[in-house]
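Chain lettering (A, B, C, D and E) follows the sequence in which the chains are written, and residue indices restart at 1 in each chain.
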Amino acid sequence: MSAPAQFQPKPDVPAWRLLVTLGLAGALAGFVLVFVYQATLPTIERNRAERLAAAIQEVLKAPDHYDTLYVYQGTLTRQLPADADPKKLEQIYFGYHADSSPIGFAIASGEPGFQDVVRLIFGYDHATQTLLGMKVLESKETPGLGDKIEKNVDFVSQFDGVQTPLTGVKPRQSTGDPHEVDMITGATISSRTVIKIINNALQRMGPMLESYQAAATGPQSAEVAQ
Amino acid sequence: MGELVWILLSAMVVNNFTLAYFLGLCPFMGVSARVSTALRLGLADIFVLVIASVCAWFLNTFILPYAPYLRLISFIVVIASLVQIVEMVIKKVSPVLFRQLGIYLPLITTNCAILGLAIFQTNRGYNLLEGLFFAVGGGLGLTLALVLMASIRESSEMADVPALAKGMALVLIIAGSLSLAFMGFAGLLSSS
Amino acid sequence: MSKTSPQQDFFRGIWRENPVLIQMLGLCPALAVSNTLENSLVMGIATFFVLTGSSLLVSIVKKAVPGEVRISTYILIIATFVTVADMTLEALVPDIHKALGAFVALIVVNCMILGRQEAFASKNPVGRSLLDAFGTGFGFIIAMVMMGSIREILGTGALLGMKVIPGPFEPWVIFILPPGGFLTLGFWLLLFGWIEKRRVERARVREWPHGVGAREEAA
Amino acid sequence: MAKRMRFRHGVHPPELKQLTAAIPVRRLPFPDEIVLPLSQHTGKPAVPIVRIGDRVERGDKVAEADGFISSPIHTSAAGTVTAIELWPHPTGGYQDAIRIAVAPYDAQVPRKRIIPDWRGLDRKQLVDAVRQAGVVGLGGAAFPTHVKLVPPDDVSIDTIVINGCECEPYLTTDHRTMVEYPGRVHLGIRLMMKTIGADRVMVGIEKNKPDAIERLRATLPDDLEGHVTIHGLTVKYPQGAEKMLIKALLGREVPSGRLPMHVGVVVHNVASVATIAEVFETGLPLIERIVTVTGPGVRRPANLIVPVGTKVRDVFDACGGLTETAREIVFGGPMMGAAQASLDVPITKGTTGVIALTGAEVKSQHSYPCIRCGHCLDACPVFLNPQLLGQLAMHDRYDEMVENHLMDCMVCGCCGYTCPSNIPLTQLFALAKNQLKRQPPKPKAA
Amino acid sequence: MTAPRLLITAWPHLAERDSTPRIMWTVNVSLIPVIVAAIYYFGPSAVLVIVAALAGCLATEWLFGSRETLFDGSAVITGLLLGLCLPAGLPMWMAFVGGAFAIGFGKLIFGGLGQNIFNPALLGRAFLQAAFPVALTTWPVIRENWWALRGDNLALPLMSPGEVDVLTSATPLGLMKFEQQSTELGKLMIGATGGSLGETAGILILLCGAYLAWRNYLNWRIPISIFLTVAALATLTHWLNPAFPGALFMLFSGGLMLGAVYMATDMVTSPVTNRGCWLYGVGIGVLVVVIRLWGGLAEGVMYAILLMNAMVPFINRATQPRVFGTRAAVKVTE
């Protein structure tokens, strides 16, 4: 940019005028921004919520409703203490059927893939250690090859009902083991990334899920019994 | 640690700032005719990127939660003024360093790589350390791309490039070829 | 600055001084988000909005702003418009906004916009500044469409998501990858260079129909 | 010596010396006319001291040296000065020359002892005699010999190197000199040791001349034993270049831009050494020299003693004439020699050989683009990057050429010899050096 | 005596017998054994793919280059090498496109022979790899029926290859990387494995390369430094982690032989200085090992060479020879 080169100082402009000009401009900008922010915020938040809901809907096989859980000091909790900032904590979701019987967790996680970080969300039933579904949220994998992890129905649908921990196998070599996921020919790295993300997330979250599920289902089943 | 190394390498080669994210294209196209210039510009770039990364982290952690709509404005204003201050300090403290790097600083402030770094970093929620690795990786990536481009242009200067392709068209084709070559780094450190 | 007619103000930016294809400004968005026509269009329109908005404002307040803080004020104005555009896009077209990612925010550092303020809007009356911004903005949109359509058609065989090439077309994935951005712009520049060369040759033939071998060459 | 005497890089052109290597030197009859260019040496041209119509005897001085780095010229035959005018010169173009019509049926008896006997002369007188005899280096460059006989006061010379390499293909002048006149070589060495004041002499001879090495060793006088050593060197071009020879024999590297004397060495061509002895023996100045007339374009190749100033036409006539296929005449060796435009060009003091090439040998002038094979870098004996220099030269970027050490180039022709794309690298460099001489590079802006 | 018409040419009046076209054509001839091996293993498909790549190169050279450059053999080298690093089942139109890109954007745009930065054949292949990633990673196996096509070579231009019943398999490197399966070394050396057309016959390529090195048509320092670097790093990594393959496997698998002998040594795109050649070779070796062991791709030779091609102008600058007589320690007697 050539702008600084053409800069011609005019010494007769007093400093206060510069400050006032900038201040005015800043104030005006702030005013406009706050206004637009207020105007668009509801829509934006609704969009985000809808997108999240749609993803959870998909991976938890249409739950009736779900709870948002926070990972707080090594445990999962629904209610946060007042001093914790919910925006800074990792969130996972716990879905229920219409009759309030639990379906499972929806966990979002991400790790480096072939090109860049792959983020996905998956549904997981801790009681049976099976996956309920998987949806890729964000990826830059090679179009036509690596992006099959989100676009290839055969690949995505495998994550419905597979046992954890997952193992990836080549399509022709599957043995029928319930832990197996057929990888995509030619996109081994991308397929493995998906499997790796899910396995790692479960390994990291496993104990937390365990204790939460025990706590959540315990009282509930007692209620049902009553 | 592995995470940090991946951030560094990703910004440097796998998703090179210039060749994959198209950040810092103006100097890449314009200033990269001489290797020595390119090298100094790259070093200055790393320097400013690190400052920008720290600024962005600071703003993002302490100010923006209360006024998210000010993100863009605050990034650009704070980074630009901080670079200006640093420039003045360098000029005072080390005139030699200033002659080597300082003249490039104003050029860099308005470079999209700086703002790009700040935005990418906050979008991905990097913490301070991760941000620093990201900035250094990105800066190294920029430097690498700049120096390679400059040395290739220097050597093509005396080639009989067809009149049609002289100038920007050739630069773009070279950039495309470099970008193709950098695709070889895809998936680095993420396969295991 | 020499006196120009309003038509010139408008059409200059569209073709003869096209910001992307001729002046090589604003390459970052032109290469980064032009992998589909949809993204290109949205990016083009957002940039158009920011450019015209800030040109209008800058030419209105130009007298009131002292030279020393001129650039800072312009950046402030541009950044405000960009933030507005960013939030509006996120509200209206969330999917595209997600695809464009950080590059909407990066409109702030698009040299084309600050360049127009500095070179034109800060020195000319409101009407002419607006015309200039319209022209430049359209020029940018045209360039984005040219990039986006080529890349989407070759890269996916479709345009705006609709299949345009019949048969089992094998997409050239490279065109929606980063190298494809550089190469596509390179192709366009080569094509323009070739057209320009032809034009100059033709003109020469018209001027000197019996020129030294020029006629045979053109024929 | 255990150490292998060698320099790095260089090329191995075919030797092609078998045409004349075994042919004894014979004398060329006096021609009808001799032409003596005023510039037959490095330095300022000589100034004529005869006028048109003057009668001169064989050995008479016809032009006086103009300054210290210059050399007088003597006529090689008796006759009448007919003109002092521009005449084709071996370096190309036309230069002032004295034309002398050789007196027919003249006995060609020279005046008696123009140069005094060496015995009894002191150092200064010896050098002066050499200077008066118009002796210049016979290896090609023709640098006035007397200058190299008195080292400046601020350098001390410890070694005299005698260059008997004759690394150029085809040429056998030095070879025949060493085989046929070993006594003169040794006398010359003795005289030089006296004037220069060094007591170590190293003679470097390429191993493809075993008979010369043998002969010089066999005839070495007893008192020189221990001072003079004769070394067989690898056959490689440009072994005979001063800097390469010093590197090979002594392992010393002459600094860029400096002279051999700065590392304590003086280099003399073996033929020049023999000539120093010859002028004192015969009492005649340098008026004739041994020339190899060879090449596939000559009917009867020979080694001839040619009066300086003989036109090359007459030289060929004495060798049976040119063949039908002869296409190019080269003065000097094929690597660094210059092609001649006319058969009227005279043999000068620096002419080592005359080569007639046929169409089959003449190199194609068609060149291809440089493919950066790097062969020229492997060939360049002074480790330049001819590839880069060539590119710069083609774009007239002379200043950058200087930065890349153009001035160290000795235009030996190795790069051009080895270039598969046939790029005239050596010419480009010679041209650039000429340009720069005319127009020195701008001092770098601070 | 009548004076002949004298020619004036510049010195030196002698020249080595080599000429640029001669070098180019010799390299082409030396490729014949490799091509024959490709045809032996992959049948008529090999012929089709190589011919298509060659046609792409020559057509582009003919359209945009000059007549002379068409016959100097350089475009033919590009075509043959490009063909040899493609899989046998590739549709011919893709090979043609690769050839056209290789010559057009790999060579002519830089000013033609001698001026390009990137190895045209590899640039063409990198373009194809980025454009058609699936087709470029479908490796047919060597099978009994020699006459059968190894894929849909005859797919219509611009159209996807049809579903042809061809047995495909991973390359030895792919097997090693993704399934930790090693391939028998003997098979690797004679080339009885899956892979690109020309990368299978390691021993044969070595012999051809040795011939070229003997003729000084390639700088032996480049392949040697690549081999040494790869072998050293592979031995080290194998020792640290036995899951990584050993040196011999690394050397003879994938395109390393073809790349090191024919692609990396391309005179135009390799350094001019000998020291530069060592650096360049070591660089390629390191990149190959890094990409193979830690990258997302099974094979990295192509990218390693392209990346180092980009470094060559820089290497050339950095390794200028030390000019005679400029050593600091020269003693000057004053």
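Operating definition for what follows: contacts are C-beta pairs under 8 Å (C-beta built on N, C-alpha and C of every residue); 3 or more make two chains touch, one makes a residue touch a chain.
Predicted model, so just to flag it, every value in this text is computed and none were measured.
Between chain A and chain D, the least number of touch steps comes to 2. Looking at chain B and chain D, the chains that touch each of them are E.
The chains that touch chain B as well as chain C are A, E.
Farthest chain from chain C (centres taken as the mean of C-alpha atoms): D.
Of all chains, the one whose Cα centroid sits at the greatest distance from that of chain E is D.
Core chain by CA centroid proximity to the global CA centroid: E. Chain geometry summary: the mean Cα position of chain B and that of chain E are 33 Å apart.
Work out the mean CA point of chain C and of chain D, and you get 69 Å between them.
Centroids of chain A and chain E (each the mean of its C-alpha atoms) stand 44 Å apart. Computed centre separation for the pair chain A/chain C is 35 angstrom, with centres defined by C-alpha atoms. Multi-chain contact residues of chain A (touching two or more other chains): 1, 4, 29, 33, 36-37, 114, 142, 144-145, 189. The multi-chain contact residues of chain D, meaning those touching 2 or more other chains, do not exist; every residue touches at most one other chain.
Within chain C, contacts with two or more other chains are made by residues 72, 76, 79-80, 83, 87, 111, 114, 173-174, 177, 179-180, 183.
This structure has the following touching chain pairs: A-B, A-C, A-E, B-C, B-D, B-E, C-E, D-E.
Across the complex, chain E meets chain A through its residues 133-134, 137-138, 174, 178-179, 296.
Taken together, the chain A residues at the contact with chain E in this complex read 114, 142, 144-145, 170, 186, 188-189.
Of all residues in chain C, only 165, 167-170, 172-175, 177, 179-180, 183 touch chain E in the complex they form. Against chain A, the residues of chain C that register as touching in their complex are 64-69, 71-73, 76-77, 79-80, 83-84, 87-88, 90-92, 94, 111, 114-115, 118, 155-156, 171, 173, 176-177.
Here chain B touches chain A in the complex through residues 6, 10, 14-15, 65, 68-70, 73, 106-107, 110, 124, 186-187, 189-191, going by the rule given at the top.
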